[in-house]
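Structure, as structure tokens:
Think of it as A, B, C and D in the order they're written, each chain with its own count starting at 1.
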């Protein structure tokens, strides 16, 4: 139900336009959350709705935020992160609000909720192919932020992709913090040292699926490169090439892209058009929901192989393993 | 007597006012309107659903505060509460989901298991302190990190249930979950969790043990003067162990409201830093069982009501800034009121003496009396 | 006049600690200040030393008026004070404690060589045998006091204040202190010292000022006065004395130790194969220079120290019992250091009354701590032992030292023990209180209490004991009869000149020892 | 009396050593232990098939990971030696990272370090006023500073960094440039000379490879910030034991009343100590920000607490802090490396513990020998037969430190007046 206090809470609201709430953690991870937030702000500049912004760094108030969105009269509530699956499932009485849950496991069905999944393993597979093709040492690495399934999923795809090119390739992996300890997403110091250990051990491409800690990996790729040995880093979620400093750009081979912003923007558009339906939406290579970036042009010479691999996945001739 | 009550009330009130003042300064500095922020927070905070949520969220904070206070009264700084409740919550989630017993048996056993596991985790720093002379602060910090890893390993390799991104234990059915105490029925989600009862019981036990039993007395003596304690036949080492065990046992319960009442499983959504907020509650309430309850409620209220700030383009961090500041201002507030009280006591005494004429000097000064 | 205080008034809140005190001290003299506990002696001295600010009154040093804003100011005027409770940093070395805040060297470098040399020189010149590099923690009381005095001398003090310097010293140490005091005065300095021991005041002071309730009640000299006369000025009681006993000691052994040794393996034991017996209705005195095993004996008897050998109460072997169990069986204990072992300063007297007796009624009711019960006990102690300055809700820290002591004695005797282990029961207590404590101890003795009395005060030992054991290097080197022994002989035993026969300590052997 | 407490001189006693320069006997002992350690590393490398344990990258990492912990612990040492408990190190460090982000973004890397110091000082000043001036409970103030720093950093980022190019609520814009790195000439290729250690490391010859790796890791490309940070340790030792201020500083933490009675300024001393300490904690934060070339939210990751633990572990001694932080930094580096490197560390620990146990048994101290023997035995069995979960590596530094504490068992001797209030008016505490 919509409470009478909404008006005082919403001074800038145009009472006539529909309200869209986005529930998310905190921006500034240079990847997943930032991408989602970009979708939200992009939509605001092109579409006509009242945004309700619910950000919280806490890990235990998903339900509160959802309830708040409903009570504030949101017509659409978009939850960023699989953690919203359970609260949305448990909230049954919301006749005036539609729910979208972003980054839900593929195959999850929640009544009355639009669930969006991303085939992160597919994009990881492709950057794995790119890594194997680029590596001169036959040795690559992976730095994961937190040892949890969503991150393991990146690794599984990455390794499969690399092995598809070079079955003997060595793939190092390190997770910066164990399951449940999220410091691994914000500790660039550790990211840097983990990457340093890999580059020193012979790896020349390192894939960083580590949120803010990735910054350390990118820095290390640049600082550990020498005249004789060029080290590469691969970014994740957004196109990292566009985010890092000029001095580091030459070392960003590619990024595994997860178009969370597109998912968010499309959902809002569909909601405003009245075409948003509950049910599952899969963002994968086939609909460009995930992909890899080519900024910098470092992969130009391998574009044929990469496109072939991509097509094989879309066609289903190659099935990428997953960890989730 | 009236002065005592006035002082007791003045402390928290001055604290809150100070915190408001400081937060206002920050908001103004940031170019925001503090008044509208407070108005929005207040309006949202006093909605029935918010009040209910405040009560429910205050429970773990209260438990954390009591856990810290239990050790603090023995002069021990149990900075390992986080690790203790983390391990215990995992154990509780597993027991609550899997024990094939009816609720009335399963629930108490779950609580008990959590207490035991929490106490066990606290035993390590206690034993190291007693037998190795290692400060409990350092071992507790280490045990926190180790708890995270142990839980991660157990969760990933032993207790994980289901697949996908969710890494939780098996879902706890209604036969294992904490039932609601009462449903106020005044809107969405206005049920008060049964954990309120647990918190009240823990608070009463804390009060009785610490303030009313001989055991509590021996703890106090051991904390304030180990030598005198030993001479009086109180084994300080044992008190250290008991105090840490008690603190750990209470700490073991902190994660349960979330596990048995919100997530119905142990997973990544378990709040990770309740210890510091709980400690804040303890400090706000001066480690007193009732004071801590007020402290926990205030903090939970601020936490809840600040969720709304994002809606008015105000940074939600205002809530955490306020909570942080209130922690300090509580100390300052008590300091101010105590000073004022001492002054008043002195004036009163002088006035009394003047009116009563010359009397033999009394060795105990009223100022000292009030400083307690 | 080197020092002249005129009309000093000091108030703490509404309480007047010093009430228009005048004091004049001549150069080259020892000036004693006496008065009962809480009379305001320490306060007056702190004012002179710049640690407290007088509310009224003037301070003149060598004719020049001074107003001290800090101890530093007073030091610069040549005043140095040795506190009753030492102010030393235990973890620092002797020389570091001495030169602190007045170090030689430059801002970026402390000239430790010069500092150590200087301190060593001063120590040697004044006949103080101290190791300047020793860590203060390892020093005994006498050593610590010497460090305190070195601090004063290092700063070239002309006026040296000693607050109850002899309360913690054994006679030989006290003698060397008085010798040192003489050397100071011969060099032109003035010494002001506070003491509750009237005989030493009469022996060593040139002038005496008596204070009561914050005001000067008498000025005299040893020649014109006597102990009873001084006592009469100070308090309204007679000199403490003990009437000859009328009840004979019992024959039952209430406490015995056999072959008790305390010490780490491989080192010289601090307590070496000691055996002793205490009968009911008997007071057994233990004499000895501090640090000769008395502390270890206390700890062993109380069950706080690991030891070999056996300890029994009556017929029961209590060697393996905890302190708590021993106390349960009727062992009472008056500790050496009341602040450390005897009371919890930050707790009210009510809780302090329960200390050691918390496991029995009226304090313990089921699992509960009965505050009413404890308050009742405290009230009884306060009235029966005339503890002044507090009620059951007063913090122990607010009591003067002497009253704290009375409270402890009252608590331990009030529990109707079978055995009392008493260490320095009247340390720092004024003579009024001392007399009260002595009376209580003898009354309890006559009712059958067996007491082991350890004391640094020889008068006390001689007055109260039925038998006297002398400790030297952790052994019992002699058993003497207090009625016949003379101080000279006792001193020789205590310093190891006599009684060093290889096995003298293993068994009490009155005949061999007294010879 | 707690007769159960073992007194093993694992860390030096808290009394001042006569001389700061190590005595020949100490040097010889250090050399012996150093050689034994080297031998162990070599053996472990082959036993566990873990080239990482002696790789220059591991040792370089260890050095870099040691620095922030050592510096923040030294920061804590400043205030705690003066008697003020500092639980707020983490918060001061957070303040350091944030200010370093701001200063570094505006004025470059050197300013970032300075900014770190400023950021720490802000909270140091708060702590000093509240604890020294007003005499508030030091635990409360410390905890509050941690909470406030975290909240403020986010709040201020929202205001200052958010919306700026490259900045977000969780990041400052990039700090351009970095502090110079230094390599030792001839040993590790400094000043364009030959890189001897690198040649040794890649030679593949036993012993030579390992020495090359270790020495190279510790001497090649060491950032000036790291050198500055490490120099703080001997500098602090000097101040503590060789200056007038040092003596007063120690006295303020041991027996402030004694200092005051002699005319020393207790409050001023404590102010200086707390402020210097907080500046150093902030410096440690600045160091972290320099590594990531930006302020990143939560990047301190609990290092302030580890610093506190290290300070206690090191028994409030600079040398102890060095020992503790390098133990921690090394295990951290190993934990971030490949799994077999972690196993090699396990092997080393097992052998060291067994040796210590045997040595104690041999010296006749049976009771003290049992714990290390058991622990060493268990570790050896684990090494030989148990496949370790990879997650365990992330806890390596904590586990190693705990194990060392169990075995070493220091009798901690905190400054005697630690945590005691010292009111301005009264002359006695």
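In this section, a contact is a pair of C-beta atoms (placed from the backbone, for glycine too) under 8 Å apart; a residue touches a chain by one contact, two chains touch by 3 or more.
Computed from a predicted model, the values in this text were never measured in an experiment.
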Chain pair showing more contacts of the two, B-D and B-C: B-D
Rounded Å distance, subunit B centre to subunit D centre (Cα mean): 31
Subunit A and subunit C, separation of their C-alpha mean positions in angstrom: 75
Subunit C and subunit D, separation of their C-alpha mean positions in angstrom: 45
Residue list for subunit D, restricted to those that touch at least two other chains: 1, 154, 302, 391, 394-395
Subunit B, residues touching no fewer than two other chains: 148-149, 152-153, 156, 230
Residues of subunit A engaged with two or more neighbouring chains: 147, 177-179, 181
All touching chain pairs, where touch follows the definition stated at the start: A-B, A-D, B-C, B-D, C-D
Residues of subunit C defined as touching subunit B within the complex: 12-16, 38, 213-214, 302, 304, 322-328, 333, 335, 340-347, 351, 354-356, 358-359, 363-364, 367-369, 388-390, 394-395, 398-400
Complex interface listing, subunit A residues touching subunit D: 26-30, 34, 57, 147, 172, 174-179, 181, 183, 186-190, 192-194, 196-197, 199-201, 212, 215-216, 219, 243, 245
Residue ranges of subunit C in contact with subunit D within the complex: 46, 51-52, 70-72, 75, 81, 83, 87-93, 96-97, 99-103, 105, 107-110, 112, 133, 135, 151, 155, 299, 304-306
Parts of subunit D lying in touch with subunit B, wherever the complex brings them together: 1-2, 4-6, 87, 130, 134-137, 139-141, 143-144, 146-148, 150-152, 154-155, 158-159, 302, 305-306, 308-309, 312-313, 389, 391-392, 394-395, 398-399, 401-402, 405-406, 409-412, 414
In the complex with subunit C, residue positions of subunit B that touch it: 212-218, 220-221, 224-225, 227-228, 230-235, 346, 349-350, 353, 361-368, 372
